[in-house]
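In what comes next, chain A is part of two complexes: it sits with chain B in the first one and with chain C in the second one.
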Partner chain A sequence: KRHRPLRRSSICFASLLCSYAINPQETLTSEMNAETSDAPPTSLVDRTVVPGDTVLDLTAMANQTIKLGAGLRQDCDTISVMKAGKLRLSKPNKYWVESSHKRYVPCVEDTVLGIVVDCKPDNFLVDIKAPTLAFLPVLAFEGGTRRNIPKFEIGTLLYVRVVKANNSMNPELSCMDETGKAAEFGQLKDGYMFETSTGLSRMLLSSPTCPVLEALGKKLSYEIAVGLNGRVWANASSPSTVILVSNAIMNSESLSGLQQKIMVEKLMQRLQ
Partner chain B sequence: MGAMTVDRADGRSANQLRPLACSRNILHRAHGSARWSQGDTIVLAAVYGPKAGTKKGENPEKASIEVIWKPKTGQIGKLEKEYEMILKRTLQSICLMTIHPNTTTSIIVQVFGDDGALLPCAINASCAALVDAGIPLRHLAVAICCGLTEGGSVILDPTKAEEQKIQAFAYLAFPNSPLSVLPSVPSAEDDGPIENGIITSVTHGVMPVVDYFNCLERGRAACAKISEFHRRSLESQVPGDLTKAT
Partner chain C sequence: MEQRLASTSRMTVNERKFVETALASDLRVDGRRPFDYRRLTIKFGRSVPVYGFTASATEDGSSEVQLGQTHVIGFVTSQLVQPYRDRPNEGTLSIFTEFSPMADPSFEAGRPGESAIELGRVVDRGLRESKAVDMESLCVVAGKSVWSIRVDLHILDNGGNLIDAANIAALAALLTFRRPECSLGGENGQDIIVHDPEVMEPLTLIIHHLPIAVTFAFFSEGNIMVIDPTHKEEVVMGGRMTATVNSNGDVCAVQKAGGEGVTPNMIMQCLRIASVKAADITSKIKNAVETYNTERTLRKVKRHSSTVTHQVSVPDVITKDKQAENIIRHQEEMIHHEPDRISNCDDEMTVDTRTCIKTEGNSRDSCTDPFVGGPSNWDPYLNKLSSNLVGKSQDLLGPLTIGKEQQEESKSNKMAVENSPEYATISSNSETLGVSGPRQQTDVAKSLKDAVKSKARKKSKASATTR
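Presenting the complex of A and B:
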């Protein structure tokens, strides 16, 4: 089995420094019982949160830097939730909401699969399932000069890295890594691309290796490229293997590790 | 507040809602979808977006929302356009419009069954679909219909037959009740906590002001229950899951 190098999913953080008056609020000790008492919960970390929930009180944290990831926003003195999902905390100070959707919010240093929709003199316009189209500069290739601009047709599938991601501008992509090498980026030829949710993409890229990929790798030889924007590309020597790999991945979204292994075995028996 | 018990055709008490059911992520192509039913009133909402570009008259510095209302039968007329406008204004107040400027989010509402309280059901379904699509929201909108009978008592969630008999009814949409790690501050400031806000109120018929405020109170209390149901339905992780409540 050969697969693209695993890219860790990266979460974009905006850091904010809060310096408030020195008196902290009293520590909250009781857990909230939804019906009876009205004492607020100590912490909503690892619980499902809904838009509108307040998860942090900044007046209680004096002179600390807190980093906010996806799904959270600052509302004067509090941090409140924008998207529904599970609230996660990475010690010491990174908070984000984990959720899975069909669209993608671009983050810097994410690796995604894009489809070329237009060619301009300076940029390729690439669709990465984000709110706006992304730009891929014509020179953002290893050894790229004005003389050897790659000729991508409309509909070409590319494995690219997000370089700039800002809510108010179109995101910018690159086919090189930080050092300027090609590093597996570029056009993906042959194979089959299918769309999934962002949550499934993160699960496929998690380490240790996702159970479904391991189970498939024991018997089959295939290669896949996973984009954090919810696109997966699979390639193998025979079409039936490609179909089996794609179906196994698409079915594995809501299954636990053991269920994934059982599902893969059942699919393999059908192949024989 | 009338102390007499109201006889309703389906045997409910004045404060009792019809069974609620909500299922999310049911459409394959839509970016977010939800089906909300209250008794026999069933509405399916689909969200597409955010997509690049805004329409001609809209402000490009903000995101814009477009609502398309599809009735169960018949052509699209003035009533559908009015529903579209009310829904658009309601959803504009809960969405954070500055996060993705110059984009359009389309919400398509398809009516599957209409047995009273259609607009509140549509508001609840659209809100669930927006959450499913991952559109950034300030808070959720929870809507309910309150009817006023001749005796002056308030009934919640009337059916179509009841709506035609009573003298007046109001569609009310409130923000949901949030979970908060903050201790609940006694409201010394002018604007109290978020649960005391109201997003939308559409009234039909004539009702005295006192009775209207009664409707608001009852509606707000019932919306706390609906918002609890909404939160529970979001806690199930499996896509396409069906949650039910009575």
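Presenting the complex of A and C:
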């Protein structure tokens, strides 16, 4: 059996090459394993799993590349779950576990909403609901030079992108995209920010559009910025619209699509 | 330093500005109007079944209050202590607060901070200065021994407006607290005997009125005022004032600790609004406490199991007073259960109380199965109990409980009396009712049996053994 050691970062999937010679004895044991192990992997996809669940039996899949994401780990012959959540599969071969938390673990290429906590000579210290504060270099803005450093006061809300995320260092942010353009990053003015869970943020960012946002958009005009760290910013022309939008989004986490639509209609009726 | 910075909650400038602009148009961020309270939920302590024979370690005197997202637990305990020198015939009342670090990132374990002490002071002043709790009734031996009541308030979740929630928790806990009955005895008549709650029903505290704290938050130089601020509004507000009033309109205490200045007109308006809100909250607390007391009494009333047989209407056989009391009490129950009882009583005069209250058709034959009583629409305890009945049954409970231990080997099945849905907010364990149920009732049965003629007794014994 030859297994490449598993190297994982939260966004990049690790490749696992399973190719090995199966001798008759192993066939027997693998068959037994297949019988005694949990249901075939496809039936656990999109279902809630808990740590310890066996997701895949590698002996049954030879010469395949499987990519593992967050929450999964390889235990010799099997792939087992490390984090509680929903198992997801992206065809053909990417598996990961999705869960919803109030705290955020920074990963590279995430777009998040941060609050400026302090200004240093070459960094802004920004709070992104991670275990440690993140650094935003003073020059990480489009056309940023030492001459035109932006002045952010403490408490400014920023829409930023995570550039470096190691669990041993402070995360690093940037207000530019890869090509160096501003691309909507930067300070968010006016509006109202509220905090939710990471699962709700992902739901709001999913495509097709989340039902609650669609239902709100049919009657109201508003704009929102969703950070993967659980922060959402909403803005509209009148405060009542903003309050309506924020309350609708906050209530929608545990509702199904249809329930979300009904909830939004009820809220709007109450206002009129 | 960075760790600490990372863990505190922060407000953005956007939020601050938005809260104020929204308030300028009479809108609050969570959709409330300026003078609306959040949803208030009051729950009481669960009674823990002690397996075996004691009824249950009831958690009288503990309350759990949820005001929106704010979550507070209140717990009352009592102890016999020496009174203060200058007040030899009054009990003492003390309030302790604990701000748990899980409630808010800024709370730290250990010594109470400034806001914790302020909260304790405000609640204490509302109760003490207004003489809401009667202290003189807590005296046992003047100058030597009085009851000291201690109220512990634990903050579990800080969603804003801790003072109001903590005050309600303290009041709810005090209203449901029962202190043990004690009497003088011993050789020289000077020793104080504290009676076990199983032996003598513990007593409630005498509470004259309920002082309710209502907190106001001021914004934009004291021009805008809201009630019951949430956590975000508290960060943004300019000043805060707490007015403790009762439903009679008396102002018990006012607390304004710093912050923006407020005009006298504004303060008078606050007091007027506070008295309206106080009446509302008082009625909520009283309803919750009443439901809890009703449910508690219901738990104490023991139902008869089907294995016990005795004469139902035997008024002429009464010889002893105790049995008379039992029969009177039994008859009172009969009166209430009469409609069904008449249909169920057969020639053997077997009284099966449980058939009276169950709505499903549990046949007599299945008497050994655990009884599950559904909610009955004529159960007397669903409606308001007349205080008479409650008082009587409570008085009679005293002598009745003495013979409990003798009934251990009794034939009883477990009866689980299901709580009616109205008591859903009262957290109680239905199994406890079952454990305590049959024993008391077999005790009653025994004393009634004594009153019954020997012929019927033999017949009932025979039928009892067969079951």
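Of note:
Methods note: the second predicted complex is superposed on the first by the 202 of 272 C-alpha atoms of A that agree within 3 Å, B and C clash if a C-alpha of one lies under 4 Å from a C-alpha of the other, contacts with A are read in each partner's own complex, and residues count from 1 in each chain.
Just so we're on the same page, contacts are C-beta pairs under 8 Å (C-beta built on N, C-alpha and C of every residue); 3 or more make two chains touch, one makes a residue touch a chain.
These numbers come from a predicted model, not from an experiment.
By the document's definition of touching, of the two partners only chain B reaches A:Thr78; chain C does not.
Once the two complexes are overlaid on the shared chain, A:Asp122 sits clear of chain B and of chain C alike. When the two complexes are overlaid on their common chain A, residue A:Ile243 makes contact with chain C while staying clear of chain B.
Among chain B and chain C, the chain that touches a larger number of residues in chain A is B. In the superposition on chain A, A:Ser43 makes contact with chain B only, not with chain C.
When the shared chain is aligned, chain B and chain C each come close enough to touch A:Pro131. Residues 131-133 of chain A contact both chain B in one complex and chain C in the other.
Residues 2-3, 5-6, 10-18, 21-22, 25, 27-31 of chain C are the ones that touch chain A when the two sit in their complex.
Chain B meets chain A in the complex at residues 31-32, 49-52, 94, 96, 99-103, 131-134, 136-140, 175-176, 178-184, 194, 228, 230-231, 234-235, 237-239. Here chain A touches chain B in the complex through residues 25, 28, 32, 34, 38-44, 48-57, 71, 73, 78, 80, 82-84, 99, 101-103, 105, 131-133, 167-168, 197, 253-254, going by the rule given at the top. Against chain C, the residues of chain A that register as touching in their complex are 115, 117-118, 125, 127, 130-133, 153, 155-157, 188-193, 233, 239-240, 242-244, 246-247.
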